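In what follows, structures are represented as structure tokens.
Consider the two complexes below, in which chain A is the common component and chain B and chain C are the respective partners.
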Partner chain A sequence: MKLSNRTVSGVPVVDIEGDVDMYTSPGLREQLARFTSKQQKRIVVNLEGVEFMDSSGIATLVQAYKEAQPFNGEVCLASPAGNVLRVLKLSNLTSLFPVFDSVDEAVNS
Partner chain B sequence: MKTRFSGGSSVSEKAQLGVEVVRADHISKAFDGRMVLSDVSLSVRKGETLVVMGRSGSGKTTCLRILMGQETADTGQVLLFDQNIATLKKKDLNGIRRRFGVVFQSGALLNSLNVFENVALPLRKLTELDRAVIEIVVKLKLEQVGLRGFEYLMPAQLSGGMRKRVGIARALALDPEIIFYDEPTSGLDPVMTAVISQLIREISSSLGVASVVVTHDMESAFSVADQMLMLYLGEVVARGTPEEIRGTDEELVRQFVDGKAEGPIPLRQATTDLLEDLLGG
Partner chain C sequence: MNSANEYIALSLPSNPMYLGLLRNMVGEAADIYGFSEEEKQGLMLAVNEGCANIIRHCYQMDSKKKIDVTIRILPDRMEVVLRDYGEFQNAEEFPVKPCADLEPGGLGLTIMKSVMDRVEYRPAGQEGTLLTMVKYRAARQA
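So, the complex of A and B:
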């Protein structure tokens, strides 16, 4: 998995390329924690390049959500693949994360 | 493309998608010169559930242990994810071990740890995930088996069915692609048996894992199986879909499936003569 981040119109965006699994989730966790600790109101996780996400990836997103709660921040998901959405739905977690078709939409909504 | 989460729910979909993840070719095993498995071959695809049934002592657990690499076959070979487990280097074998989960007959919970810690154990041991993330994963797994809210009970405080479910949650902790179950419903009442069977089906269809279920419980066997295989004295005496097994007129299978005492399966099956045993030196 490759992680990179950028800022689009002032909103931090994490681009993920590859699988989010038990091996790679810790890296994502670190990156997201960096943003939540700065109390970023909106964080966009770009999942366009992610075909597979396991429970640890889901848990990592949930943890970011928890950390953003105290300052009313949101963790937005951009272009999650069918697979990833399915896993979120299975765990009944879709309501936690606003989902957008693209990074632009997530940033500008 | 990875499809670990796209296991279909219909049989035809499974047939199309499933890559073979477990394969045994002609495995045999003897203990102290006595054959307990003879020439057993089997294959399980992703999203599919194979039930290995047979009376106690027929070699089911031995077969499972060989498939998992806990025991080695005398002859024949086992492939997990297309790799021969007998010839793998330790590092590669550990990599493969993470990809399957085991539900032991007894539950095999650590009595000194509560439910939460039992399920968290593989995550703590084998991953670099931090506490907060592990806590969420454990809760997701406990939710899956219907035990969220019971995190802080100790194993001694659990019913038999709860123990089995904690064992299943622990087997699911690392998101395995294969789950091996040894007698998952033994010792349970009919209602709890049905609950566990349903859980096995759900895990198979929603997560697309391959399952090998060893059982002598016919009701549960028919309710979870896509494919069935019957062992008798270590030999495969029948195999097929549940419909095929139900419809067979092979006496040995009929007797077992119908649970009758009368039939070709003898009440006594010692391979040595009683008198010889009593009188012999």
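So, the complex of A and C:
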């Protein structure tokens, strides 16, 4: 899994490439915690390049959500598809996270 | 498409870095034996979750243990058996989480049960647990 950061219209975007599983999710958790610790009001997680996500990845997103709650922060998911969207639905998390078709939509919502 | 009564077996170290290798192997087997893309993704996810549960709950993240994997392909289904060498825990008796309770952990079993047709835990003799997961192939038109 590869992670990279960028800022779009002032909103931090985390781009993920590859699989998010028990082996790789600690890196993502660390990355997201950097933003939540700075109390970023909105973080966009770009899932377009993710082909596989398991419950460790889900737990990582939930962790970021919980860390953002005290300052009313928002973790937005962009472009989940295929297996990733399936796992999010199985976990009933599509109602918890704002989900968008693209990074631009997530940033400008 | 192959249709056979064949099996594939391997042993993996209980290190999360091998989960991707295991997923790929299951995915390749699903392709070879004509499972649909959705069935294949479900198989890969369930086997990944079963293995991750063993690493996390049974072996407490000790990467020096062993997990035996057997994939049996039958004309109508794929059976995957994961064997660990820890203390027997019947995860089937654990409550199935509604997922959105926001507490990490326990979600793996919920996912496994959602994507597989059968998930069964039983003791493996005097030591360890056998986790059997079965996925039936959807009926195909000739």
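The working rule: the second predicted complex is superposed on the first by the 109 of 109 C-alpha atoms of A that agree within 3 Å, B and C clash if a C-alpha of one lies under 4 Å from a C-alpha of the other, contacts with A are read in each partner's own complex, and residues count from 1 in each chain.
In this section, a residue touches a chain if its C-beta (ideal position, glycine included) is under 8 Å from a C-beta of that chain, and two chains touch if they have at least 3 such contacts.
Being a predicted model, the structure only gives us computed values, none of them experimental.
Enquirer: Following the superposition defined at the top, how do chain B and chain C come out on chain A, clash or fit?
Expert: clash
Enquirer: Quick one: is A:Val62 in contact with chain B, with chain C, with both, or with neither? Answer first, second, both or neither.
Expert: In the superposition, A:Val62 touches chain B and chain C alike.
Enquirer: Look at A:Arg29 in the shared chain and tell me whether it touches chain B only, chain C only, both, or neither; answer first, second, both or neither.
Expert: Once the two structures are laid over each other on A, A:Arg29 reaches chain B alone.
Enquirer: Using the touch definition from the top, say if A:Leu90 reaches chain B (first), chain C (second), both or neither.
Expert: Both chain B and chain C are touched by A:Leu90.
Enquirer: A:Asn46 contacts which: chain B (first), chain C (second), both, neither?
Expert: So A:Asn46 meets neither chain B nor chain C here.
Enquirer: I'd like to know which partner A:Ser79 touches here: chain B for first, chain C for second, both or neither.
Expert: neither
Enquirer: Going by the overlay, flag which of 27-35, 45-53, 243-251 or 261-269 in chain B ends up clashing with chain C.
Expert: With chain A aligned, chain B clashes with chain C through residues 45-53.
Enquirer: Output the chain A positions appearing in both contact lists, the one against chain B and the one against chain C.
Expert: 19, 21-23, 52, 54-56, 58-59, 62-63, 66, 83, 86-87, 90-91
Enquirer: With touch defined as at the start, can you tell me which chain A residues reach chain B in the complex?
Expert: Touch list, chain A to chain B: 19, 21-23, 25-26, 29, 51-52, 54-56, 58-60, 62-63, 66, 83, 86-87, 90-91.
Enquirer: Report the residues of chain C in contact with chain A in the complex, numbered from low to high.
Expert: So the residues of chain C touching chain A come out as 16-17, 19-20, 23, 41, 44-45, 48-49, 52, 55-56, 98-100, 102, 104-105, 107-108, 110-111, 114-115.
Enquirer: Can you tell me which positions in chain B touch chain A when the two form their complex?
Expert: 1-6, 98, 123, 126-130, 132-134, 136-137, 140-141, 143, 174-175, 206-207
Enquirer: Hey, which residues of chain A end up touching chain C in the complex?
Expert: Within the complex, chain A contacts chain C at residues 19, 21-23, 52, 54-56, 58-59, 62-63, 65-66, 82-83, 86-87, 90-93, 95-96.
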